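Please find the structures below.
Presented sequentially are two complexes of chain A, the first with chain B as partner and the second with chain C.
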Partner chain A sequence: MPEPSKAPAKSTDVANAGFSHLATKASSGQASKNSTDFLVLIIDVNPLSWASNFSLSSQASIASRELESVLDAILIFLNAHIAMQHENGLAVYAASLGLAKLLFTTAPFASKGDLGGSSEAIKSKPDANTYQHFRHVDNAVLQGIRKMAREVSEKDQTDTASNQATLGIVSAMSQALCQLNRLTMTDQTGSEQSLSGKTPGTLAAKSSMSSRILILSATPDASTQYIPMMNCIFGAQKKGILIDVCKMFGDDTVFLQQASHLTGGSYFRLDEQLGLLQTLMSAYLPSRSIRELLNLPNQDEVDFRAACFCHRKIVDIGYVCSVCLSLFCEPRPQCLTCKSKYPQSTLERFAQENQNRIK
Partner chain B sequence: MPPRGADDDYVGENEAIPEEEEDFLDDDDSGDEFQNLTPLPRLGRPGLRAKASAPAAQAKGKDSTKPKGKAKDAGYSWEATYKRSWDNVHEDESGSLEGAVRQMIDGNKRKRVMRDVAPVQRGIIRHLVLLIDLSSSMLEKDMRPNRFELTLQYAKEFVNEYFDQNPIGQLSIVGTREGIAERIAQMGGNTIDHVSALSNKRKLEPRGEPSLQNALEMARSSLAHLPASNSREILAIFGSLTTCDPGNIHDTIATLQKDQIRVSMVSLAAEVKILKEVCTKTGGSFSVALNEGHFRDCLFELLPPPAVEGPKRKAGGQADGIEASSVVQGVDLLQMAFPLRLPAHSEPTLCACHSKLKGSGYLCPRCGSKVCDVPTDCPVCGITIVMSTHLARSYHHLFPVSNWVAVGWEKVDEKSCPRCFSCAIPFPEKPGHANAAMNGAAAGKNKFNGTATSAAATSAAKKSTGAAKDDSGLAPSSRYACLKCGNHFCLECDAFVHENLHVCPGCC
Partner chain C sequence: MSTVATPSQHPAKSIESDPTLSFSEQSRAAGIGAETINDFLNRQPRSVLIRLYEKPASCLAIFRLVPMLARQLIMQMLFLDGPLPVEDVLSWMSKEGKREYEDCVERLTKLSILAIRGQGIKQTLILNGVFTEGMRRALTGGGDHRSFGVPCDTEDKNAVGVGFLDEYARTKWETILHYMVGSEGSVVPREPVLYLLRRSDLMKKTNETSGGRTSSLGITSRGFQFLLEDVNTQLWHLLLQYLDMAEERNMDLVEVLGFLFMLGSLELGRDYSTEDLPETQLHMLEDFRDYGLIYQRKASSRRFYPTRLATTLTSNASPLLTTTTTTSSSGGTEQEEERGYVILETNYRLYAYTSSPLRVAVLNLFVSLKARFPNLVIGSITRESVKSALSNGISAEQIITYLTHHAHPQMQRNDPLLPVTVSDQIRLWEREKNRVLQESGSLFTEFSSQADYQQVLTYSQQLRVLRWNDDQRRMIFVTEQGNEPVRDFIRRRVVQS
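Now for the complex of A and B:
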């Protein structure tokens, strides 16, 4: 950080207005712990879903204008997050069709050379009216997304059919988890060195970093992503990382609902585009330490029901292959996934049970 | 054999056993098969105790020496030629050992990552009995603070980790002391129950002689009735060199074999012949813990579900390793129920498992009874109740991330990314490699992890001359590449992805 003091900037004057009491509460309550908050923001900039959402109402140019207004809101939110506490960390990923990119990170180990490509621009033209740190973030995110949009459209022209199905969200999530893992590791060794004299040093070191991932989602679920997504969720769960989800538009995604439910984050579906900034500031800005005092939006009912592999029917009582754990809604002689054959005796037993039930 | 003088103590202990025998039978509600067993010897006959192979027992002895030279698979370690372990450590140019030490640590990390990823059928639905020796030999202090404390601590960690990796598996804990076996925790899927059972140190206080046969029989009784599609395992932590058995342990081994129960053991003292024989005959693994860290490694090696033995193995060469032609043992269709979750603020009702009044819970879809925790078997209708997430948690055993290969310097060029794909840490610069091939031979075995230029050049030269991979599997360029997506990752991410995440960030 270039300056130790929190210089108020134009954009965050407004943004932080209602939150000063929260920030002071956080710093006074957790001062002894010195908990830093590391936020990973994943922005879904999948052009297909953005276009399809806004093409219904009007032309395609609306979509890009919408994206810009959303980005404005996001930048205000990011600046507010940095301004909340001096030690707060931040990483921003953009996820698009089949690729995910790191746009900005404050992680000390990461090479910042070619992330946004914006460092030269800043050096050449320091702006007296903006806090340098905010400028770094803004430039990196905006230019990163611009660059990415260009890449995606180029890629679309060269090979159209290849990467259509895969989404970048899971890739971004896994990259974010890797970075958080690395960060907690360096954090622990760093604080162990500094706290080597004190006995509860290791405990404090472990709890000092609280990290969360906020996903701004726009794209519906892709069923091929189920297993990687679940693995990411369990990885986050094990590491104690929250996953917050803000669904900007479109239908609810069941996977992300499960993600936020399993990791203890909050899921919110935005009804009104204009409410994005307010939602971000009021629901997702407060750090983890004061979250427990707030009544955050949460989904009441998470769909954990299982769907069978054969007809995609929701089942109460299913038949599971012991080899590959595929789920079927009715007994069948052979597994659809792994082709293993089931013994005749079990099939007969199930048939008999079913007959009994019908009687 | 241990000195005969020690037998006098054992006689006294054995006489005390018949009194306790009745208690033990009453306590045990599921182990009916115990009644059929020949009763414990009424006379003070030491039975089949002291099966320890002679050299091992002598090494351990009854005196207070605590030998660290534990037996290895091939012969005994003191029979092997002397290994000059310090020769492996080299100073770098500045005379510091840091690089060498770091490389050893990294090498260990990499070793753990390099797991067998060949697609084999795994017994995902595991039933495991954790068998803990609670004999007086567990009070030895050759491991700090002592064997007993350390075992309990690791056992707790093991239980947590076991349920994390095997969410639809079940576990029971059996202890053995004073010649009998005791059930510490019932077969079940609840982590909290098991950990609290292990936390009660006063109840588990070690004393007397262990009985391997009794413990194995008790473990067998809780596994034998399970269907064939479940994998049945016993994991024993054994500190004693002797065992006090009521009958012929070879009969027990035979029945274990017949019931297809796999016994694995970690011995804390020495390689004991009968212990090893139990393991080899039942297809399990046997290891002797060298020190605290190795003990932990030995235990945690057994966490991932075991590969299923038999004809499946041979089919491993095929694309997915699964034969379609014949019905193979262990393949079965299971009925599972996906419960309805009751929210925490719903009206409290009695649960079927503990008869407690509770708001939250899960409703069995077949019989409608309420249980506190899933996964479990419904106490009323017996169906397995799981959540879809429990199944999802097991998928990574079935579709593991392929191993990443170490990247040599010659494969690094301008096009390759200068930083780790996932955590964005910069990789070390590629050294000027014009003279790499020339001065390679001089530095000998001195391999550094790409930090020092000359050392890296050495490794690069090694690679080019055909010694493609060094033993540790470390990359000279500290890059590891996924073969599918071709992205480069750092060692930390390699370890994290393969151990925790199970998703390649580049491929998904």
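Now for the complex of A and C:
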């Protein structure tokens, strides 16, 4: 289990070490001035939050139209990302209630059969009016999301009980991190020892690769997800992966704010749906190589509150186990994580303090 | 009269400046990759560019040619309907960004993509309407511009795979390179290719009268440098020459460029129809077959396949074309080779794990080869081998860069990559060559008396044509310009006495 209160400082060091490593690598590589940019996009398609957002103002038909316009904007953004550089990589995940799916990836090791719907898209005849790479992405993403919506609605009808509030975002994040990790691994082995390199692909030959994750979030925080979310964040920090967050509607999410803050990404909450495309284009398109030249939106203040391990509540004041640094919302005689027993005197003191506060 | 070598006036200067030049700068100085497609586009008049922007495929290709920040700027403005105030743009740039911003705007205005309106604080940036339209079309898809290649409707009975196309492109391209290196048994490429090679000064007619017209072409020093470049650079070098030639041949430049950019956007391993292509582009299709950019089963075929050479045209990455320079024996060796095959030891021995005759031929330019095995060539870098390379116009820096670029993965562990002894020695050998400066002039000897000698000496000193003299043996060496006046002076002296 991670411990949230101390880790950030330590892991930032690690993350910085990662950055400097990348930087020196990029500068020493004389061949490529522009490093490749691998973007993982996580689209939150949680039907509940989408429906609740639009039902406030309008009917269901309008909501679906809204979703379509958002998807259009996303597709244009993805195309723009591919257009930026011939070598740019891309992976798209859709996260819904309790499941996350890979819709598209340019990673060389992914077998095409895994991707929902994209195999059909590849077989289809090309259209002289569209750039083929764009078409593959667009088809894969659209079909994938459609398929996913169907699955989710079917699942809803069969068993609503098992459909807990587990969110796909975290699952998508961890999948994305795994994929990026594997990419960098092949990248390194590619340059260091090729004798075993059976999966060089186009990416392996690159001297440097910078990767980032962009989360288009729609769902509010679920405090049950605190620990896995933090694990993802630390993993990303360690690997030097940026996490950008664009909150499409609704209130700020504390966890994702922390994610972007800790990994050096940018967080932005849209006030207006119409601005999505422009926001994506101006704030989230720049690759890491030119980010230092730009002023990207930053958060003025970040809510660093953590969730307790016992009830998954977001707490203002928590109690930290002195042995394993687990966090609890109330004093307890024994740590739930490491089973250490706390001295009676401490517990009594806490109880007294609590009483004083209530008074 | 004779020629002697005299120490140059500033030997130190010429040596110091050399190593500081990077490989690209050196080859730029020699003219390889001197002009890029960017420069070519910058030269084009606005009308040509605007017509080019009518095709979304061209928009996309040109978009990828401008600097990263400029691309970002375009993307940012693409879906804005109104002009963008300069003030806003600047507020969005960091300090370093502002400096680069100026360059980007200059580039974009040159390409007529961007225009600045207004004065002072109220300056606004406006994207060109045609470009905006084209770029939006490219991103959103649709329309009926058919600029991304028209696929064939019917199934090809003789369909070919990606592997075949790679192999085809490789053989075609290597045929040209082989011909340039002059390897034994190399096939002579078709006349248009030869013309282009001659035109781009990579090869020139030698004086040999024996042999046919085609066999009398010899490689130039630029040609040698060309060989050391990576394939993408080589290809663009030839294509730019082709573009120049197109201008002379009165081909429509918009169509030529449009076709090039379209090729870059095609998909590897798919057949495209030639039916809708205009006359100019059909002609180009024929030309490009010779370079291996395009595969057609028959000249009259109504479909064509782009090869990897074509589809990676508009990308900047250098190693994309690696498969074309590798052997086709088995998948394993191909991938190993594409990342490097040269091992260089501190004792100047060089092991090259390659079976490609072309690579061996290129290595042979500056390595004296000792032994050849099916997949391994052993040689050593000697003074003579490097000297002969230098005399061919290859620079030490180029040799070192080539070795670095193709170093075997096992060499990657070394730091520095190449043994310092070897790389330094190669540089030293180059300096050896640069240390002496050849100058032609005249040597005067056998002066009858010391007085005569002194007089001629002072005279030539006054004229500042004296290069060298030896009081003991009464010898004077003067420059070429000094030859005549000094000779006349001596004649006058003889007549007088």
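Rule of thumb we're sticking to: the second predicted complex is superposed on the first by the 254 of 359 C-alpha atoms of A that agree within 3 Å, B and C clash if a C-alpha of one lies under 4 Å from a C-alpha of the other, contacts with A are read in each partner's own complex, and residues count from 1 in each chain.
Here, a residue touches a chain if its C-beta (ideal position, glycine included) is under 8 Å from a C-beta of that chain, and two chains touch if they have at least 3 such contacts.
Remember, predicted model here, so these are calculated numbers, not experimental data.
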item: Chain B versus chain C as contact partner of A:234, first or second or both or neither; value: first
item: Dominant contact partner of chain A by residue count, chain C or chain B; value: B
item: First, second, both or neither for A:324, with chain B first and chain C second; value: first
item: Which superposed partner A:86 touches (first chain B, second chain C, both, neither); value: second
item: Chain B versus chain C as contact partner of A:289, first or second or both or neither; value: second
item: Which superposed partner A:129 touches (first chain B, second chain C, both, neither); value: second
item: First (chain B), second (chain C), both or neither touched by A:138; value: second
item: Contacts of A:347 with chain B and chain C, given as first, second, both or neither; value: first
item: Partner chain(s) touched by A:225 [first = chain B, second = chain C, both, neither]; value: first
item: Where chain A meets both chain C and chain B, residue numbers; value: none
item: Chain A to chain B touching residues, read off their complex; value: 102, 105, 107, 109-111, 113-115, 166, 170-171, 174-175, 177-179, 181-182, 185, 225-228, 230-232, 234-235, 238-239, 258, 262, 300, 304-306, 315-325, 327-328, 331-332, 334, 338-344, 346-347, 350
item: In the complex with chain A, residue positions of chain C that touch it; value: 22, 56-57, 60, 63-64, 68-69, 71-72, 75-76, 78-80, 91-94, 96-97, 100, 137-151, 265-267, 270, 312, 314-320, 322, 332, 335-336, 338-340, 405, 409-410, 412-413
item: Complex contacts: residues of chain A adjacent to chain C; value: 30-32, 34, 76, 79-80, 83-87, 125-132, 134-135, 138, 190-195, 197-198, 200, 202, 205-206, 277-278, 281-282, 285-287, 289-290, 292-295
item: Residues of chain B defined as touching chain A within the complex; value: 121, 124-125, 164, 229, 320, 322-324, 326-328, 330-338, 341, 343, 365-366, 383, 387-389, 391-396, 398-399, 418-426, 492-493, 496-497, 500-506, 508
